[in-house]
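Let me begin by handing over the structure; questions about it come next.
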Amino acid sequence: MMRGVLNYGFPLILAGLVVLFGVLSPSFLGLANAMGILHAMVPIVVVATGMALVVMLGKLDISVGAIGFAGMSMAAMLIDGAGWSPLAASAAALGVGAALGALNGFVVVVLRVNPLIATLGTMIAFRGLALQITDSRVMVLPDAMRNFGNWTIGPVFFDVLLAGAILLAVHLVHRETPFGRTITAIGNDEAAARRIGLPVGRTVFACFVISGVLGALGGVLGAAQVGAVTTFLGKGMEFTAVAVVVVGGISLFGGRGSVFWGVLLGALTFEIIRAGLNHVGANPYFYQLIGGGIIFVAMYAAALKARETRLQD
Amino acid sequence: MNYSITALAAAAVLAAQGALANDITVGLSWNSKTQPLEAAWEDYMKAEAERQGAAAGVTITWVINVADADPSRQASNIEDLITQGVNVIVARAEDAGAIGASIRAANAAGIPFVTFDRASGTVAPTAHVGGDSYDQALTTATAFADLMKEQGIEGKCIELQGALTDVNAINRSKGWTEVDAARPEISTLVQVPTEWNPELFRSGMANALRAHPEANCAFIASDFAITAVQSALEEVDRWAPAGDARHFWLATQDLLPGAVPLMEGGYIDVSTTYDAFKHSEELVRVVIALSKGEDPMCGPDGCLAKGRVVTPATIATIENLWSKTYK
Amino acid sequence: MISPAPDRSAAAAAIVQPGLQTLIRVAVFAAVLIGIWWLSPVFFRPSNLINVLVQASMLAILALGMTVVMIGGGIDLSLPANMALSGIFGSMAMSATGSVGLGCAAMLVTGACIGALNGAAVAYLRMIPFVVTLAMMTMAGGLSVWITNSTSISNQPEPFFTLFLSRPLGVPMAVLIMLTAGLVVQAILGLTRFGWQVYAVGTNPAASRISRVPVARVLFQTYALAGLLAGLAAIVVTARLGSASANVGNDSVILDVVTACVIGGVSIYGGVGRPMAALAGAVFVLVLGNVLNLMGVSFFIGLMLKGAIIIGLVALDGARGRSA
Amino acid sequence: MTVPPPVLTMTGLRKAYGTVQAVSDGRLTARAGEVMALLGANGAGKSTMMNLLGGLVSPDAGQIGIAGQAVSFAGPTDAIRAGIAFVQQELSVFGSMTVAENVFAGAFPTRAGRIDRAAMQSQARALLAQLGATIDVGRPVDGLSTGDRQMVEIARALRARPRILIFDEPTSSLSGREKALLHTAIRDLKAQGVAIIYISHFISDVFDICDRITVMRNGETVAERLASQTDQAEVVRLMLGEIGAAGRIVPDDAVPGPVALRVVGLTAPPRIREASFDLHRGEILGIWGLLGAGRTELVRGLLGLDGPVAGRIELHGPNGLAPVPPRDLRAVTAFVTEDRRGEGLLLPFSVSDNIALPNLDALSQGGVVQRGRVRELALRLIRTLSIKVSGPAQRVGTLSGGNQQKVVLAKWLAGAPTILILDEPTRGLDLAAKDDILRLAVDLAGQGVAVLLISSELEELMRVSHRYLIVRERCVAGTLPGHATEAELIAALSAPVAVQVPA
């Protein structure tokens, strides 16, 4: 029964919020607004998708925001300075993401540094790197890139489809492939996974690389939407991503939860609140407070849940 | 991070040279360097120091440090400038309140303190030099209201505010709101604060547009990330140059490099420049005056360099507009 | 079946590891000092050294709090946000009542309460410290921003400043507070029953429980104490800046705090660390910054170096962490 | 029945860890279609033999032959390839994954990179059916009973179609019914021609399903018997070896003091079932049972160290026996755990700090620890227990096992406990140290302390116990008086007991 509440609590809260904002501001319930909310969700959804895989391992990667910033800064420099095409530059950004993710993986798997501290360290380092190469300036991106970032097919934004596809793909990889199941196994019990000879090290490393790539992609899509790279890019995104994952009911102890529903519900919760407060013209200083509150509730629920399953085992 | 050692090293150098009466060291403390604007200011200051310095027979040495948007770090940086014993301190405050402590410290050490661009909310500095952000908003808003009147349009506007920790953001909102109250041609539908974060410029504008489809104009507290607004407008197909029926009337502040081509293209209707060049010119004048122990003759709100109103009509002809030339 | 193999490595780790680390730390520190001396002898002027200490005071006091939590085997990311909020509440109380004492008390109490909330969540609800304090960071930050509309409060009564900006015996109050706090925390951890229990819990909770250590209560208290120190830091920083605002708790601060602790030899795996060393670590973080600037290295490269230092030292610490 | 040739022959195996000779002469054979039991008290070398067979460690000497071919394993994978599979005592199942996924973890059948669930599930179903288990292969392992989880684990082992299948303590956490199912499954496997090695401390189980029995003691294989040609008593004697004639160091029938602790119906399935007994002041109550019978679980449950337990605990207080929660019992009990390094001591801490930890209240004034007193106490106990250390400041991690154990005792003695629980206190200690520890226990009993002693070595139990508490298959099967003979004690272990199904 408690279980049920924990599992369906957030969808319920979500529905409640939608109704509330809808009543306060009818325009909130329009299709356009729904699309707008999905559009605004894109960067965080992509980043949180990578985070979700790492959390499924029972680990965390809080360097994703910095990776996004670093990757996109690199891309902007290539476009600005070397005159690369946005597409090529974006590809390069993903490359940077993969490299930095691999560095995280190396530190965690080979140097066996606690993932929190490892990625805390790389988070500082990567942000420093990005600020260094951009000299922390605002860089305006070519229209082509911004048009891509806001390109719609019918009522739907293309990047929403892209993010959706990625989310679904990662979800399927996690559910339907040996690699994905190994992730869950490690999240359940890393020691046992080693005992029965699962490729723990390789899997963990791969997850950090994926998380890096998606972090960079999140940065690219975010920058494409606003058509500029500023130092705000990816700032605090790591924490939002963790929050999204937790709120989405993916256990921080690892191994439990659904990538697709977790990330989707989590991201919706936060974006609906932001957009709703915008619509009703509420005091925006309120956001952060509400955000923190939601994380706390979600975590408490997660802790109870985890204890329940612990008792069952 | 603070620069105490840099400062001390410089001090040592000066000592070695045996500082002459007409050699002055100016400590410049940036709160952060995240926009081309700061770079422009710095370069113009140095250039002006050469020019005016030569005229006044003064050689100016700069000691510059950056606080990365951390008030306590800026306090540290300024303390270092004081321990070094620079002749004048110039600071762009990160926090309108926190800068007071540094001003107090400088006063105690008998070093003249000039707040640049962002005024102190607490202790009064020796002098304040900056753009007149309030006047900036007034001129833009008035020009915009005139435009609406001439076009015979009733302007229903969205106001995108800056970060409310920033005196300029507050002044601009104040200026706009006053004109809005005084002129029937324009009215504000909703105020959206952005913390100067482009993502919020875009999503905030987009949400406001959906909440108020009748909106036809916007006042934007700074156009450093104007492309974010462009995205939001394109989303509802309102991004078109003046003359086009879909045109969405835009009044912006600063006319920063990113905005120049857009005004040239007729997307931005009115803006008031944020004149890095004039600020720097004025600052150097004040610094030299202070170093000679003269009164810089500032107004009640400080020595303010007013911005110039620019429209698509005038942008081609306006002179030494830094954002046109600066990259 | 007993196999001595792990025994040996464990013993080895226990003995060799700290030695090795201390060696490396000392080496780095010496290198930096020589660097400074070479680049700018004037650095060692008493006036400047004092100045560096003043600048380090806030960071150092936060690092003391983090040390207590880390030795107990946890981590508290909410310390800077906690400091900002405490400073704001205290300043409001002060400007409302005009009473300096009340204001300072308010700061300390606020800090301790927020710490206690963290502690309760970690110790009694068994939530993950990292995430609990992360959420607390967001909430405290949000609260500060909300109640102040992110404007700064700078109408503290003048006596507040005259008291905390005074220089008894030529030593700035901030430095005195920092050193006193350091010695007190050192004493608490080194001399009191609570302190011994903190080290025990951080080293091996299971064994501590068997040895009648009230594990949950001890954990709770470490977070509460850390919160109290955040309140103390709030007093120092508010006096120094002449204002309290949400953005003194800016993200880069927590990273400096962790760096200071790790440099000071506090183990993120718990059970190891000395408050005064962490305090030295905090000073080192500032000095390091100076050196980098002096060598014309940009602030941003400084960030990269800081990240590398954290990872490097923790990796060294790793063997211990795993054998424990 | 004709004797098939051995599939597995391990001969003359030697393996030393550092200075400790874990296996000095290991021999073991296994035949297709037979169940071979491998028995031995703890420290006999069973685990090492299995690690050698599993390729986890390589032998210092000796051969392993499979189907007549000499083999040498570089790692676990070689062993698996050679057709060897383990069912570990410690279950390696993943709660949030389905039964089928658990069975195929590490070797998922895929089609175009995607797991072929249909194939996986049908094969998993087949494997489980082969074990006579009917579990929905689509449901997550969360919420399965321990027995079912074990079946999942076995199914995973079978997946590789092993020729040799090793069960390590498979029934230690199973209920009677589950155990019966497991045994049927093992018989089926046997019928399918798998060679099975069965390691267990439950002698009755061994005789229930094993054809042959190999007994190890002190790293040597001391005997191989046909189950049909031996009996439980002989096997136990082989395991324990000749009991040294060392005389008892306590009077046979000391007049027991008043009841210090009364335990009624202590239950925590599957660890403890309905345990009831009295513990008197001044007596040493020897808990006699084989490893895995639930001795440790009993005392830990008593102290409430492994989660909630049902039943009543009464402690002798000022006004007679009064029910108390485990917490209060902990407050007056000295507990020497079997895991000295993990739970008994803080290895990085100094001797004196370890001794001080449980006694901080007494050693501190106004919350401040009185270092003087700590040192004093440490020195006193180091002297009284003649602990060999360079000084109170020496790190415990660097001490020998015997001295470490003395430190554990020292830290408890300082608090003058009324109850002393010793769990395998002499494990891994040399004779002198063992003797010291035992005599210490006797002295304490003499001072009126009530002592519970767990030991796998009958010899030492017989030297010091005033009474024996017989623990068998997770429950208290009765008590024997101090003058009970070795034969009686061994018989008590192997006497058939009615299998109780936990509530």
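Should a chain be cited, it is by its letter among A, B, C and D, assigned in written order, with residues numbered from 1 in that chain.
Basically, contacts are C-beta pairs under 8 Å (C-beta built on N, C-alpha and C of every residue); 3 or more make two chains touch, one makes a residue touch a chain.
Note that the coordinates shown come from a computational prediction; the quantities given were computed from them, not determined experimentally.
Number of steps on the shortest path from chain B to chain D, with steps defined by chain touch: 2.
Note on interfaces A-B and A-C: more C-beta pairs are in contact across A-C. Centroid distances built from C-alpha atoms place D farthest away from chain C. Chain A and chain B have Cα centroids separated by 35 Å. Put simply, the C-alpha centre of chain A and that of chain C have 29 angstrom between them. Between the CA-based centres of chain A and chain D the separation comes to 46 Å, rounded to the whole angstrom. Each chain gets a centre from the mean of its Cα atoms; for chain C and chain D, those two points are 44 Å apart.
Within chain D, contacts with two or more other chains are made by no residue at all. In chain C, 149-150, 299, 302 are the positions where the chain touches two or more neighbouring chains simultaneously. Multi-chain contact residues of chain A (touching two or more other chains): 136. Across the assembly, chains come into contact as A-B, A-C, A-D, B-C, C-D. Residues 1-5, 7-8, 10-11, 14-15, 191-197, 199-200, 203-204, 206-213, 271-272, 324 of chain C touch chain D in their complex.
For chain C in complex with chain B, the residues that touch the partner chain are 36, 39-40, 42-43, 45, 47-48, 51-52, 54-55, 58, 149-154, 237, 240-245, 247-248, 250, 252-253, 286, 289-294, 299, 302. Those residues of chain C that touch chain A in the shared complex are 75, 121, 125-128, 130-132, 134-143, 145-146, 149-150, 251, 255, 258, 262, 268-269, 298-304, 306-311, 314-315, 318, 321-322. Touching chain A in their complex are the following residues of chain B: 32-36, 39, 190-193, 196-199, 201-204, 206-208, 210-213, 224-225, 227-228, 230-231, 234-236, 257-258. Listed in rising order, the residues of chain A touching chain D in the complex are 172, 176-178, 181-182, 184-185, 187-189, 192-193, 195-198, 255-256, 309, 312-313.
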